[in-house]
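Single-structure report; data block below.
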Amino acid sequence: MISQVLRIAVDTPSDTAMIEITETVKQAVLESPVASGVVWVTTTHTTTGITVNEGLPDVEADLIAMLRRFAPTEDPAYLHARWLPSDGAMAINSATHQRAALLGPQVAFPIENGSVVLGSRQCIYFAELDGPLRRTYLIHILGEASPTSTDLGESAQH
Amino acid sequence: MISQVLRIAVDTPSDTAMIEITETVKQAVLESPVASGVVWVTTTHTTTGITVNEGLPDVEADLIAMLRRFAPTEDPAYLHARWLPSDGAMAINSATHQRAALLGPQVAFPIENGSVVLGSRQCIYFAELDGPLRRTYLIHILGEASPTSTDLGESAQH
Amino acid sequence: MISQVLRIAVDTPSDTAMIEITETVKQAVLESPVASGVVWVTTTHTTTGITVNEGLPDVEADLIAMLRRFAPTEDPAYLHARWLPSDGAMAINSATHQRAALLGPQVAFPIENGSVVLGSRQCIYFAELDGPLRRTYLIHILGEASPTSTDLGESAQH
């Protein structure tokens, strides 16, 4: 069994951004010795998310609008809005923690014959929710170098 | 290590539907040679989700109502509402992409002694958010044929 | 390959609570023979969640407020509000099922050199949404005892 953890840096361009990383993930799997197994994409932060959606700019913009609707940037009810001694700064990002909880921190996809198995419209996104910042996410590849996968094909159901 | 990717077709009955697939997943694991490992259930689409909940029709209906409340089907602010050259059709499904982001595309459960480890009320759902369509989800089984699992039992905490 | 499933009991203190379990997960991985692989943290219930966020009490309180805003505890439109023969009780917890769907039932993190790979602010939470109750979550550790991980280091991107 091989288990590789790659740390990928990304400089995010703005406070909120859907950054497509599908090609980076595909390429990492192609360059890995793993032929059969799984790849996880996982953020290392609590005000970012990893999500999957269709790679269209207007879908991305509507997802960002949804996150703002879900958790407004400012709300007088937020408690996480105070001087934070550990940061030496005001905490003003409660909304971004809530948006991160909605999106979740990771996704996983199978590796078959050395390639990621993705649906034809599935794109992987690093979602910046509290940028711009230098961020890091993990590409974790686990499996075997020799092909062990058995594609059992499509079977009708329901 | 064994890694098997099954592609399961499902014909969804309506525009939005919670389709329980627990038995399909359990059966696939039973028929697999893997005795100890993990199973992922992953959609291949961007307007569907995979989620876990209790198998009660009124819970399912309330979850669908929640998704409609979360992302209304129509909203004049949606940008993904235009002629889409790549599809040769109008894009009118921004809400379904947002609902898919909320539910997420997958879940994973352990395999122990050849069976999926699920809580007594945990049912796995394929959530159709933009049907009716023929859809495909993956059952990805990874592990060993011989039992390697060590059930360390329940330990009190907190 | 080693695959271990630990069942961890937790007595939750109130109807809704963010219970940090990071140290329990870290310790389980340290005590496991797995040096290289993955750890999943998965709930066995449908009215709880597993989520990742920053370990600050005001962030936790704002997340709970977000869940209440997302799915109000009572709503006359909820259908899951009736006598439930299988439970011998009234079903009055539709909101908690919806909140569980938002948070999701699990997270996974890499294991490298015998330790969990977590971002510096990432804390793992068991989210009680319908307590107080005795609950169980799984710590599932899968991998190899010998170090197989290759840390390929940080590479700039974007």
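We call the chains A, B and C, going by the order they appear; numbering starts again at 1 in every chain.
Methods note: a contact is a pair of C-beta atoms (placed from the backbone, for glycine too) under 8 Å apart; a residue touches a chain by one contact, two chains touch by 3 or more.
What you see is a predicted model, and the numbers here were worked out from it, not measured in a lab.
*Asks:* Touch graph across the chains, line, ring, star, complete or other?
*Replies:* complete
*Asks:* After a C-alpha superposition of chain A on chain B, what does the rotation angle come to, in degrees rounded to the nearest 5?
*Replies:* 120
*Asks:* For copies chain A and chain C, work out whether under half or over half of the interface numbers are shared, and give different or same accordingly.
*Replies:* Different: when the shared numbers are divided by all numbers used, the fraction is under half.
*Asks:* Please report how many Å separate the Cα centroid of chain A from that of chain C, as a whole number.
*Replies:* 18
*Asks:* Residue numbers in chain A touching 2 or more other chains?
*Replies:* In chain A, the residues touching two or more other chains are 1, 70, 102, 104, 108.
*Asks:* Provide the residue numbers of chain C that touch chain A in the complex, in ascending order.
*Replies:* 1, 36-38, 51-54, 56, 58-59, 61-63, 65-66, 70, 102-104, 107-112, 117-123, 143-144, 148-158
*Asks:* Tell me, which parts of chain C touch chain B in their complex?
*Replies:* Residues in contact with chain B: 1-11, 19, 21, 24, 40, 42-47, 70-71, 77-82, 84, 91, 94, 97-98, 100-102, 104-106, 108, 136, 138, 140, 142.
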